[in-house]
Amino acid sequence: MIRFCYKPAGTPPGTLRSPEGASGVAKLRLIQYDSESLLDEVFTDWDSLMAKYDPAKVNWIDIDGLGDIPLLERVAERFSLHSLAVEDVLNTTQRPKIEPFENHFFIVSEMIYFIEGDELCFEQVSIFLGESFLITIQENAGHDVYDAVRARLKSARGYARRMKADYLAYALLDATVDHIFPVLESVGDSIEEVEEELLEKPVRSSLRKLYEAKRLLLALRRAAWPHREIFSTLMRDDSSLVTRSTQIYVRDCYDHVTQIIDIIESYRDLSAGLMDLYLSSVGFRTNEIIRVLTIVSVFFIPLTFLAGVYGMNFDTKFAANMPELSWPFGYIFFWGICLLTAGGMLLFFKRKRWL
Amino acid sequence: MIRFCYKPAGTPPGTLRSPEGASGVAKLRLIQYDSESLLDEVFTDWDSLMAKYDPAKVNWIDIDGLGDIPLLERVAERFSLHSLAVEDVLNTTQRPKIEPFENHFFIVSEMIYFIEGDELCFEQVSIFLGESFLITIQENAGHDVYDAVRARLKSARGYARRMKADYLAYALLDATVDHIFPVLESVGDSIEEVEEELLEKPVRSSLRKLYEAKRLLLALRRAAWPHREIFSTLMRDDSSLVTRSTQIYVRDCYDHVTQIIDIIESYRDLSAGLMDLYLSSVGFRTNEIIRVLTIVSVFFIPLTFLAGVYGMNFDTKFAANMPELSWPFGYIFFWGICLLTAGGMLLFFKRKRWL
Amino acid sequence: MIRFCYKPAGTPPGTLRSPEGASGVAKLRLIQYDSESLLDEVFTDWDSLMAKYDPAKVNWIDIDGLGDIPLLERVAERFSLHSLAVEDVLNTTQRPKIEPFENHFFIVSEMIYFIEGDELCFEQVSIFLGESFLITIQENAGHDVYDAVRARLKSARGYARRMKADYLAYALLDATVDHIFPVLESVGDSIEEVEEELLEKPVRSSLRKLYEAKRLLLALRRAAWPHREIFSTLMRDDSSLVTRSTQIYVRDCYDHVTQIIDIIESYRDLSAGLMDLYLSSVGFRTNEIIRVLTIVSVFFIPLTFLAGVYGMNFDTKFAANMPELSWPFGYIFFWGICLLTAGGMLLFFKRKRWL
Amino acid sequence: MIRFCYKPAGTPPGTLRSPEGASGVAKLRLIQYDSESLLDEVFTDWDSLMAKYDPAKVNWIDIDGLGDIPLLERVAERFSLHSLAVEDVLNTTQRPKIEPFENHFFIVSEMIYFIEGDELCFEQVSIFLGESFLITIQENAGHDVYDAVRARLKSARGYARRMKADYLAYALLDATVDHIFPVLESVGDSIEEVEEELLEKPVRSSLRKLYEAKRLLLALRRAAWPHREIFSTLMRDDSSLVTRSTQIYVRDCYDHVTQIIDIIESYRDLSAGLMDLYLSSVGFRTNEIIRVLTIVSVFFIPLTFLAGVYGMNFDTKFAANMPELSWPFGYIFFWGICLLTAGGMLLFFKRKRWL
Amino acid sequence: MIRFCYKPAGTPPGTLRSPEGASGVAKLRLIQYDSESLLDEVFTDWDSLMAKYDPAKVNWIDIDGLGDIPLLERVAERFSLHSLAVEDVLNTTQRPKIEPFENHFFIVSEMIYFIEGDELCFEQVSIFLGESFLITIQENAGHDVYDAVRARLKSARGYARRMKADYLAYALLDATVDHIFPVLESVGDSIEEVEEELLEKPVRSSLRKLYEAKRLLLALRRAAWPHREIFSTLMRDDSSLVTRSTQIYVRDCYDHVTQIIDIIESYRDLSAGLMDLYLSSVGFRTNEIIRVLTIVSVFFIPLTFLAGVYGMNFDTKFAANMPELSWPFGYIFFWGICLLTAGGMLLFFKRKRWL
C-alpha cells in the first residue's frame, strides 16, 4: 500500500517530529577528502565531528536515523538550513524533489534496493549540497546504496577524489538510480512468468502475481518521475554550485531515469495487455466448456425422456396404452427414433459450427 | 453525488441569494493581533465589530453562516469587495479558485474534514486577503479546521504573531490541506480492505466499497487540483500583498498538494486495478464452477440414459425386444458399458486438461 | 445522434442556403436603450426597423428564423458582415466559436435549455457584436433563454442599462451558460437514479438510462469546451470593443463554464465507474446463480443415475442380474449409498468454498 | 487495413518509382484563366501543354496517373521542384503534409469520397502551389472531387476567377474537406443503426458493423488531423504566396476540419460506449437465461430423483424394501413431498430475488 | 520481453564493460571517399587503419562487435570521444538518442530488420559524426542494414559521393528507418489475419497472435519515438556539422518516422478494437450456446419428470395409487399433458424472444 505520514493538522510549519518508530540515536559518519587525502571516521556526537570539519576539503556528513531531533536542530543551525527543509527530512513519505536555497540545494531522493537479495526496501534520503559539504540524512541505519561510492573514494584512483561536492552528489544519485535496474529486472521476470503461465494455461495465482507487479510498477513510477525533475534542475542550474563538467555526468543520469521510466511504461502496457489476455482466455475457456456441456446435454436429454416414456407403467391391457410396448419390433423402433434424433442433433451442431 | 447550486438563469450578475437552508443569523468573530497583543472576541453585530477594527494590526474577521445578506452587503461595501466575488461566496458549490483584485485577493477554498472522527464534511470557505485584514466566510457554523491556528496565535510564542495577514492566509490554507491527509488515509484503508477481500474471496460488498472509494477520490481530486493553482498563483505573485518569506511557506503547501494529488492518482490507478482483478477473479471462479458442472453432467448423462433404456417395459416375449434383459450376465454387461463410457470421458477430460 | 449539416461540396464559399425546414419568414425585434430610455418593438420588415436605428444608443436586433436569405443579405451589407460569417449563421451545426473582424466580433453560441420543463432543446444562436449594435440570429422562433435579460433591461434599475453593447453580449452569453446548469442537474439526477438501481439490483433499463446520460454528456461537452475559448478570447481582447469592466464579468462566465466542464468530466468518470459496476455486478450474480445450479445438479445427478439403475428390468432369475433387488435390505442399502455420495459432495463443496 | 507502400530500403533518396499498378500514361489538363478569359484543354504531351503556358494568368495543370516517370521528371525540372517532393508524389501512402520551398508550397492531401454513391475511395493528391501555377498530381485518373470548382471557374461569375493561384488551392482543399462530410454522415448512420439494434436486441452482425465503423473513423482521423496542420500553416504563412484575403477563407476551412475532427472524436466516444453497452447487454441476457435454466433445473431435479426412486424394482416382499409402494396413499404421499420440495424452492428463489 | 542490461550499481561512470556474450575480436572496415575516389578495405588492427586515415576525405570507420575494450579506448582517445559516450556504446540496451559534443555528434540508433526473411533482429548501432569522419559501432558482426548505402557509394554516380560525412550519417539513418517498414507490414499482415479469424470464428490462437503483435508494436514504438527526436535535433542544428542541404533530406526522414509512428498508433488502436471484438464475440457465442442449452433443458426437464412419475411402482391395487395408469386412455392423457407443457414453454420462449 502507499505509505504516507503527515504531521497533525495545524502544527506550526517547521515543527520537527520524528517519524513513528525512529530510534533516538543517530549514527554520524564523516568522509572528508581532497585529491591527496581521505578521512573516514564514525562519531557519536556532533561536536567532535565538527571539530574535524575542514571547509577546504569535501566533507560528506552522513546521518543515519531520524530519531535525534536536537542533533538535527544543531545541524540546521550550523549550516543555515531552512526549518521547512528539515521538517521535510523527517516526513519520510515526501515526494522526491529538489529545492534551491541561497547557498545550498536541498534534495529529497528515494533509494529502492534489495536487502540480502530478496527483500525490497524503499528508503528516503535527504541531501543538502553546499559548496564544500554534502549532508545525507537517511531514514534507517544499516543499509544504503552508497558502499560502492565509498569504495571508489577510498581507492584514490579515479575521477571522484579530484572533484568537488557536486560530483559526490551526482555519484550518490547515480548509485540510487542504478539500484532501480535490478528491481525493474525482477518485475520483468515476474511479468514474463505470468505471460508464460497465461499462454499455457491460466492459473488463479497468475492474477495475484500480475497485480503485485502492477502495484510495484506504480510505486517505482511514483519514485522515478520526480527524480527526472531533480536531474533536469541540476542540469540546467546556472549557480556556481554545479559545475559544467558535472552537468555532463548528470545528463547521463537523466538518460538513465528516462530509460527507467520508459521501461516502466512499457511494463505497464504489457501488464495491461496480459490482463486483457487473461480475461479473454478465461472467457474462451468458459465458452469451450459450456459448448461441451451443451452438446452432450442437448444430445441425450430427448433420448432420456424417450427412455423414460417407455419405462412408464400404463396398463397395457387397454389397446390405447403404449401399444408400442407390445410391438414385436418395438425396441428396434425405439432405437430408430433415437438414431434419428441424434442425427438431427448432429446436423444442428454442424450448422451452428459447434463441432 | 456532485452537489452544485446555481442562481436562476438570467438573474443579474452580483445578485446575492443565500443558499437553501442557510440560517439567517451569522456568527462574527474578530481575532486581532500583532506581536505584542491579541484580542479574540465574538460579536453579534457588525458595527460593534468594526468599532474594534485597527488597521495597524492583523484583523482576522471570521463570519460563520451565509444566511445574513445585509451583513455581507455591508462587509462588501466597507472593504470594497467586488459584487461578483460576494455572489461567489454564496454559491456554495464554487470550484476553488483565486482571483486578484486591486487591493485584495479573493480565494475560494474547500475544507474537507471528519467531524467527530467519522462523518466526512465538505465545506466551502471564502477568504478575502488584504493588507491588514483577512476575512473568512464559512458555510456552516460550528466546525472548521482552524482551531490549531487559533491556538498557535494565542500561544504568543511562534512565528505566526510576528507576521502579517498573508502568513495567516497561508496558515489557514495549510491547515485546510493538512486535513485532507487523514481523509486520504481512510480511503487508503478502505482500498486495502477491498484488496484483501478480493485476493481472499470476492464478496459482493467489496464492489460497493470500491465504488464509494472511487467516488470519494473523484471528489477529493476535484478539490485538490484547483488548490494547486491557488498556491501556484500565490507563489508567483509579485504584488506586495504576499511577501517573499511567506512565499517559501506557500511553496511547502504547494508541495503538499502535489503529494496529495500524486496519492489520489495512485489510488485511482490501484482501484482501477482492483476492479480488473475483481472482474477476472469472478470470471475465473465462474469458469471453475462450470467446469465441475460440466464434468459431472457429461459423465453421468449418458449413463443415466442407458439405465433409462434398460428400465423400459417392452414386451420381452418377442425375441427382438430388449434381449439383453434376459441375458444371464446382462447386468454385468451394463456395468461394463458404463465403465467403458466413463473411461472414455476421463480420457477426454484429461486431453482437454480439465482435470 | 450528432446532428450536422453541410453545404453540397464544391459550393462557392459564402453561398447562403437556409437549413432544411427553416420557414421563410423571420421575426425582427429591436430593443434600443440607453440609461434613460428603452424602446422594444417588433417589426415585419428590415427597412422600418433600420429607420429607428440610433447609433448613439445600444441597438439589440434580434432575428428569429433562418429562412429569409434576402433579409440576411441586407443585414450583412448594412453592417459589413463577412460573407463567410453569414454562411456560418445558416450552418446550424457550427461548432461554437468566436472570430474577430475589423469592427465587430462574430460569435456562434449554442443555447441548451428545457422547453416546458422537460423537452431538451439545442439551438444555435449567432451574435454580431459591434460598437453600438448587437445582432442575434436565432435558429427557431418562439423560444430562447433571454427573457430574464429583457426583463432586466426594462426594469431600468440595475447595471445593464448603463453599459454598452459588450455588456449586453456578456449578459446573453451568461444566460446561455446559466441554462446549462439545470440540464446538468437532470443528468446528475439520472445518474444518481442508475447508481441506486445498480447498488440495489441491476435492471436492464439502467443500462439504457446510463447510455442516454453518456450521450447527453458528450453533447454538453461538445458545446461547453468551445464556449470556454469564446470567453477566454473576450477576456484577453485588447480592442476597444470589450471594456475592462465588462471583462471582469466575462471572467465570471469563464469560471462558470470551467465549473460546468469540471462537472461534466466528473459525471463521465462516474458513469464509466457505474458501467464497470454494472458489468461486475452482473458477472457476480451470474457466478452466484451458476453456483446454485452446479451444487444442485452435481448433488442429484449421481443419485438419479443410481435410482435409474435399480429401476432396470434385468431378469432377476439369473443370480448375476441385479442381486441387490432381492436383498432384504436392498432399499436401505440404496439410501446408504445415496447418503454417502451426498456427504462426499458436501465435503467437496465445502473444500471449494462454494457453500 | 492501413495501406502503405515504401521504396526498397537503401534506394537513393529522390529515386522515382511508380507505385504498383500505375498505368504508364498520364492525362494532362490545363485550365488557364484570369478574370476575363478561360482556357480548358486536355493534352497528351507535355510540350504542347507548356506551349500554352502563360505566367500572367493562373495556370492549373492537372496530371492524372502516376505511371509516367519521365513526364514527372520534366515537370520537376521545368518548375524547379525538389526531387524529394517528387518522390513523395509517387509514394501514395504519404501522410498529408505541407512543405514550404523557396518559391512554392508542396502540399500532400487526401481526397475521401464516394464513387457512384456507395464505393468509398481514398486518393492521394499532390499540389504544387507557385506564384502563377498550381500543379495537381492525382493517383487515379477518372474521378476526383474538383468538378464543382471547375464549374465555378467556367461560370465566370463568382469570386474565384478574380483571384490568384492561392485561392484556387484553397478552393481545391475546401472541396476535399467538404467531401468528408457525407462520409462522416454515413458513418453516423451506421453507428445509429447499431445503436438501435443494441437497445432493441443484440445481434452478432452489429459487432461487425461497429468494428467497420471504428476502422473507418480511424482512417478518417488519420487523414483529418494532418489537414488541420496544413490549413494552420497556410493561415500563418507570411510569404507573399498566400494573400491576406485568401487566409480568411483558409480559416473557414480550418474551422471545418476542426468540426470534422470534433465529430470523429465524438463518434469514437459513442462507438466505445456502444461496445460497452453491447458487452453489458450480452452479459445481462446471459445472466437472465441462466437464471431461467437454473430455476427450472433446480426445481425439477430433486423431484425427478424422487420419481426415479419409486420406479426402482426392489423386491417388495421384504418389508424393508420400499414399503411406501404398498401404502394405500403412497402416491398421494409422493405428491405431498413433491409439493413441499417445490414450495421450499420457491421460497429460496424469492429470498434470492430471482423471481 | 524488454531486454535491458546495466552496469553493476556503483561502478564509476565511464567504466567500459563489454556486454555479455560479446566476442573479443572486432571487425574493422574503412570506406574512404570523395567525389573522385573510393577506398573500401577491411583491417584487423587499428594502427594500419589509421595509417590510411585522410582528413581531406570522408572516412567511414565501421567497427563490428563490442568485445574489444582496448580498441574502443584507442578510438575514443584518437577522436576525443567522451568516456560516458563510449560507455553508452557498450550498454546495448540504450534508448536511441543524440548528444551534441564539442566537435562531434554522438547518436545511438537501433536497427530493426529481418535476417533471411523471417527472423526479426533488434541491433544497436552507435554513430560518431565528425567533420570528416563517421564511426559506426555495431553490436553484432555479420548483418546490418547498410549494404545498399555501400553499393550507392561504390557506384560513383549519385549524389552521395559528392557530399560530406553528415550526408552519409543521413543515408545510414534513412536506411535504418526504411527497414522498419517491412517489419510494420508483417505486423499489419498478422493483425489482418487475426481480424479475419475473429470476424469468421474466434480461435484461441488468434489471441496469442494478437498479443505477440501488441508486444512487437510496443517494441517498435519504443524504438521509433526517440528516432524522431534524433531527426528533429539534426534538422534544427545550427552548428556547421550538418549542412542546410542535408537538413532537407533529414526532414524527409523525420516525415518517414512520423508516418511510422502514425501507423504504429493506428495498429495499436486496431488491435485494441480487435481485443474488444474478441471479448464480445466470445460473450455473444457463449450467450447463444447457453440459450440452446436452456431451451432444450427447460423444454424436456418437466416432461422427463412426468415420465418418471408414471414409471413409479406404487401398488395400483389401492385406488388412490396412480389411478391414471389404469385409465383406458391414460397414455394419451400423458401425451396431452406433455403437449400442453411444451406449448406453454414455446409461448414463454417466444415472449422472452429466445426463439
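Structural remarks
Going by the order they are written in, the chains are A, B, C, D and E; count residues from 1 in each one.
Here is the rule we use: a residue touches a chain if its C-beta (ideal position, glycine included) is under 8 Å from a C-beta of that chain, and two chains touch if they have at least 3 such contacts.
Small disclaimer: the values here were computed from a predicted structure and weren't measured.
Note on connectivity: the fewest steps through touching chains from chain A to chain D is 2.
Shared contact partners of chain D and chain E are absent. Taken over every residue number at the interface, the positions common to chain C and chain D amount to under half, indicating a different-residue contact. Relative orientation of chain B with respect to chain D corresponds to a rotation of 145°, obtained by superposing CA atoms and rounded to a multiple of 5.
Rounded to a whole number, the gap between the C-alpha centres of chain A and chain E is 25 angstrom.
We define each chain's centre as the mean of its Cα atoms; on that basis chain A and chain C are separated by 40 Å. Among the residues of chain C, those in touch with two or more other chains are 279, 283, 286, 290, 293, 297, 301, 304, 308, 311-313, 322.
Taken together, the touching pairs link the chains into one ring where each has two partners. In the cyclic arrangement of chains, the order starting from chain D and heading towards chain E is D, E, A, B, C.
Every residue of chain C that touches chain D in the complex is listed here, in rising order: 1-2, 4, 6-14, 82, 84, 87-88, 93-95, 97, 99, 201-202, 204, 207-208, 211, 214-215, 218, 222, 275, 278-279, 282-283, 285-286, 289-290, 292-293, 296-297, 300-301, 303-304, 307-308, 310-313, 316, 322, 324-332, 334. Contact residues of chain A toward chain E in the complex are 145-149, 151-152, 158-160, 171, 174-175, 178-179, 181-182, 184-185, 188, 191-192, 195, 199, 248-249, 251-252, 255, 258-259, 262-263, 266-267, 269-270, 273, 276-277, 279-281, 283-284, 286-287, 290-291, 293-294, 297-298, 301-302, 304-305, 308-309, 311-315, 318, 320-322, 352-354.
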